[in-house]
Amino acid sequence: MSKGKRVLGLVVALSLVLFALYGVAFATKVIKVGAVYPLTGDIAPTGKLCKEGVELAVDIINGKYDLDLIMARTEGIPSLGGAKIKIIFADSQGSPRTGMAEAERLITSEHVVAMVGGYQSAVVKTASYAAERLKIPYVLSDATSPALTRRGFKYFFRVNPDDVISARNFFEFVQDMEKKFNRKLRRVALLYENTEWGSKVAAQQRKWAKEFGFKIVADIPYYHGATDVTSEVLKLKSSKPDVLMHAPYVSDAILFTKTFKKLNFNVPLWMGMSGYLDPNYIKSVGKDGEYVVVRSTFNPDLARIKPLIGKVNELYKKKYGRDMSGIAARSFNAPLVLADAINRAGSLDPDAIRKVLLETDIPGDKILMAWKGVKFNKIHQNIYARYILVQIQGGKYHTVWPWNVASTKVVFPVPAWNKR
Amino acid sequence: MDTTNLVQAMVSGLLLGLPYGLIAMGLSIIWGVMNIVNFAHGEFLMVSMYITLGLYTFWHFSPVMSIPVSAVILFGTGWLVYRYIVSKVMSGPMLAQVVVTFGLSAFLQGLFLFLFTGNYRTVKVSGILSQSTNIHGVYVSYPQVIASLITIVVTLFLSWFMKNTMTGRAIMATEIDRETAKLMGIDTEKVNALSFGIGLACVGIAGAILSSYYYISPYVGLLFGLMSFVIVALGGFGSITGAVIAAIIIGEVESLGGVLVGPAYKYALVFSLYLIVIFIKPRGFFGW
Amino acid sequence: MEKGKHLYYVVLVVLAIVFPIVFNVPFVQHVAIMVFMYGMLAESWNVIGGYSGLFSFGQAAFFGIGAYTSTLLYMQLGLTPWIGMIAGGLVAIAAGIAIGYPCSKLKGHYFAIATIAFAWIINILFTNWSFVGAATGLSPELAPADSWYAFQFRSSKLPYYYIGLFLMLLTVYVVNKVIKSKTGFYLRALGENEEVAASLGVNIAKYRLISISIASFFTAVAGSFYAQYVLYIDPPSVLAHFLSVEIVLIAMFGGSGTIWGPIWGALILVPLSQYARAIWGGMGSGLDIMVYGFVIMVFSIFRPRGVVSFFIRK
Amino acid sequence: MSELLKVEGLTKRFGGLVANDDISFTVNKGEIIGLIGPNGAGKTTLFNCITGFHKPTSGKVFFDGRDITALPPHRVSKIGIARTFQITQVFPKMTALENVMIGAFAMTNSVSEAKDMAAETLSFVGLGKKMDVSGESLPPPEQRRLEIAMALSTNPSLLMLDEAMAGLNAVEIDESLEILRKLNKKGITLIIVEHVMRAVMNICKRIIVLENGRKIFDGEKEKAVNDPAVIKAYLGDVYHAEG
């Protein structure tokens, strides 16, 4: 046995023990809540926005704010002596395996009492599985795959609307547009990045298109790291759609916008989601992003009908120096709903929290979103959750639908590239 | 699929392929001279795109003006990377040579993520760089045309340089037979550093011009890098014209294949074509 | 000397068995399970890359094939993943031969890039093939309770830990047996000089395929193990290019072409990356990736033969 | 004397270059044949064609009456033809013993048997004390001998040596010649490509001369020295050069 070998063996063994100890250490003094987001990898910018939303929510829970919002006027969790919430963030790297491992680590080593967040449906799938297995409540407000709430999980709740609702809202909107402008918009093109999320969105859209009697004229999945999307756009072009429904991440939203312009692809109604809502999108494409209609759950201009939104947006602006995006706002909800439940439960026992989550009935005026409230159904999906649609005008998002909350008139049809 | 769209797809394939060629050319020279695959190639493209972004942000350089700056910086980077990193593994096992560039690529990604966050950025272009033109229904964007023209110019220049200058001939000689070149008094270490520099300078040029129509992020290099490996292996290592021709073929397969077979499969088509060719000609079209 | 060496390994194995009982913390156990999985993957790669000189950068394809085969067999036919695991290994051998046979003339970098291309093709096909769940991937029905038949353990990680440990040791054992045999000598001969090997009667094409088959089989078994551990697979998680790269890095870091090198590599690099992420990853600053890349670079420069080169006295 | 190897009209083209042009000859059991010719005459190509490393463009190769044209190298090795390479090629990281074992595995599947056989062969070529030295660490002359040992270990009936004595000093050449003679006595037929004329003249009875891919002489060495074509093409120059 050489000396080097023994020394190295010792070093490795020692560091493994230290690593292991690191995992065991740290007892809880505050109420720890775990959140797994993609903080590195190509979706990291979006993950950061989610993180900001969560952080602001925690500020509001822990501090005293004069806001008409649950948990705002009190400090911390009153029923637990004002205990503060602390979010432990972890990086999923956009990978389901890492998501699961990090969720497990948060639960078992950091001793978080509940989980929020996730963003990517594939990651939430495994992270929530870990939470379920370890019997820890998981309140989600930012991943949209319908499958997540259809697994019969006991501890898993979703505050935000899913892609079934999204797809239905999209087609409702197109119908409304047909009525408003008295023009048939029956030819629909589906364009989506082909990982779990995009392909599920498309599946729902196909289903609802049939239901509403629309015709799918193009159905195009693509790889979201593509270096070039000419062939995708050419396929779109030759299908001559009235409506484009696009499910991208932000990088591909940028690339497609540029390619639409380059190849002069014009569509009367250009609808998008997710990536189009990322502030990096408008920053990157500038004027070329005008008139896209984007699905959202939130928009600062809703302050007109709901002053709370303006106030929260001001807080956000103060903290991060820009308007609150729909992505941040969405992630903002879960910590509040969870904190409310912990407060009502007056306990950190998972089953107690779960029980009161089931009884949750938060009225619409106590939450940030323009919904009727938060109330979970049998599969733990918030029955009041729905989308709004915003349109990019003048480099900003403006609420255009549903008509009753709209702040701005929708521009239709989208002007051709050469007429802009 | 009507003819206009087919023609459009072919034109787009060409305009897509040529800039690939510029990136691949750099890889090809490095591969040919040192018999090393630079797996950090795509990351250097990323670096040059950030340089272009920086020049734009601070001094309002347009991407075209950034080309020489980016090329020079990348040339220097290549020289240094060779001297202080790659040369240390040249005599080691082949695996170490492969892996060192992998480490470099992860390092660069992490570094740029750390410095500039993962945000997607673009260089705002105006004038001709933001326009496209329409020829009988076929759309051609000027920045891509410029990128393609630059590729052709660089190809011609490098081919001339390799044949007609002392330095170029020294590089060629080293590429063909390193031992003999050494015996003939060529400083092969210098040739290596030079080739690495030239290889990265190609990427520097490509990155600068690519910035005018592509977004920038720390992860942007991955697929570009991968495509350039395939292109070089297809064209045959060390061959400059081989790289360009293979790049055009790849561009066409990607573009036409995407339209005819389905966009979801376009990269599968590209890689399959590569495998088929390599099974028949193990050293690529122009390999020896 | 020989005896001391054996004792050393016996002690290590006993430590490995006691470890999860002492540190009964799921995250620590998870890291250990990942060490076993990557150890197994790196050791399999070692057969082709370390000994036979075929630098495959497409092992993720076989990993994914293993994961998909056992999961599909379980979901469609209710077949226990234990058999599915072996079936996955066999399918991977078939796939390995399908790509290895036409690649039999490719050397060095050309072989490396061909394997990268192959893995990408498999990835793209699986992403678009609805029978295998396309982009959504597959998640097998969760068994109501711990089940050896369904290869699912919800109450504790210990079964996964011991199965993982066993599989890794089995891989090491088999690879060691092979390498010490005539086949192993031939594989090493391929790795060092194919021309001479051929002139001495080594059937290059045949032994290349044997090498690829051994590696593919164990890589696929690791894939099945992963699928049963995470219970959710999709192309980005089991067919990713980065997975292939990780495997090579770990083997190389530990020392390819030696029996224990790849295991050392997994033992050091896997916890390093897991903890680097746990400590710094929450900041999302890229620091962890930077450190990882830097360590790899420094190591390839100063220890190109890996960690095990510390042991070899010159 | 019975015929062991027969080459019939063998031609090998690389693109436009004709490396071997219609070469025919036979080798009888127990002979030692010198294959000589200036650089680029096509000797190595001929070796490669016979041993399966190249596929001949046309022509046939028979070994022991059997057509072996275009058999792959490992099959050629199995039927009893062994070779060495112009530029010494050994397995660099393996020990000398392991190097030879690879060849010995042609005879046995057992590792220990292969080890014994290899050790014996190594002693035979005088490397008995270097068994544990890695291939790359051996000095070049010993690598040459290791190569011969490797080839021998496959138990060939025909051994083809490509410049096995290049770079050796006089003493080493004599040692090598001694080994070759012993081999020949054991019944192994030898074809040697050699630039070291002293060696060729010393050991071979018959020589074949190639020039520009064509066979220009085939016969007893004494006659070659007087053959005007050979002198013109080759011998004269070399003798001067060897001077």
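Labels for the chains are A, B, C and D, by order of writing; each one numbers its residues from 1.
Everything below uses one rule, namely that contacts are C-beta pairs under 8 Å (C-beta built on N, C-alpha and C of every residue); 3 or more make two chains touch, one makes a residue touch a chain.
All values reported here derive from a predicted model rather than from experimental measurement.
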Per the touch definition, the chains contacting both chain C and chain D are none
Chain whose averaged C-alpha position falls nearest the assembly-wide average: C
Using the touch rule from the top, work out which pair, B-C or A-B, shares more C-beta pairs. B-C
Relative to chain A, largest Cα-centroid distance belongs to chain D
I'd like the Å distance between the centres of chain B and chain C, where a centre is the mean of that chain's Cα atoms. 32
Interchain centroid distance [CA atoms averaged], chain A/chain B, Å: 36
Distance from chain D to chain B - Cα centre to Cα centre, in angstrom: 46
If you average the Cα atoms of chain A and of chain D to get two centres, how far apart are those centres in Å? 73
Out of chain A, which residues touch more than one other chain, so two or more? 40, 44, 48, 194, 221, 223
Where does chain C touch two or more other chains at once, residue-wise? 124, 127-128, 284, 286, 288-289
Mind pulling the chain B residues that touch 2 or more other chains? 113, 118, 264, 267
Going by the touch definition at the top, which pairs of chains touch each other? A-B, A-C, B-C, C-D
Contact residues on chain B for chain A in the complex? 1-2, 5, 8-9, 12-13, 16, 113, 117-122, 124, 132, 134, 139, 141, 144, 213-215, 217, 219, 222-224, 227, 254-259, 263-264, 266-267
Chain B partner contacts - residues on chain A that touch it in the complex: 40-42, 44-45, 48, 194, 220-223, 225-232, 234-235, 237-238, 250-251, 254-255, 258, 261-264, 278, 280-281, 283-286
Can you list the chain B residues touching chain C in their complex? 31, 35, 37, 85, 88-89, 92-100, 102-114, 118, 218, 226, 229-230, 233, 237, 264-265, 267-268, 271-272, 274-275, 278-279, 282-284
Quick one: which bits of chain C touch chain D in the complex? Just the residue numbers, please. 180-182, 185-186, 188-189, 192-193, 195-204, 257
Residues of chain D touching chain C in the complex: 51-53, 72-74, 77-78, 82-83, 85, 89-94, 98, 101-103, 105-106, 109-111, 114, 150-151, 153-154
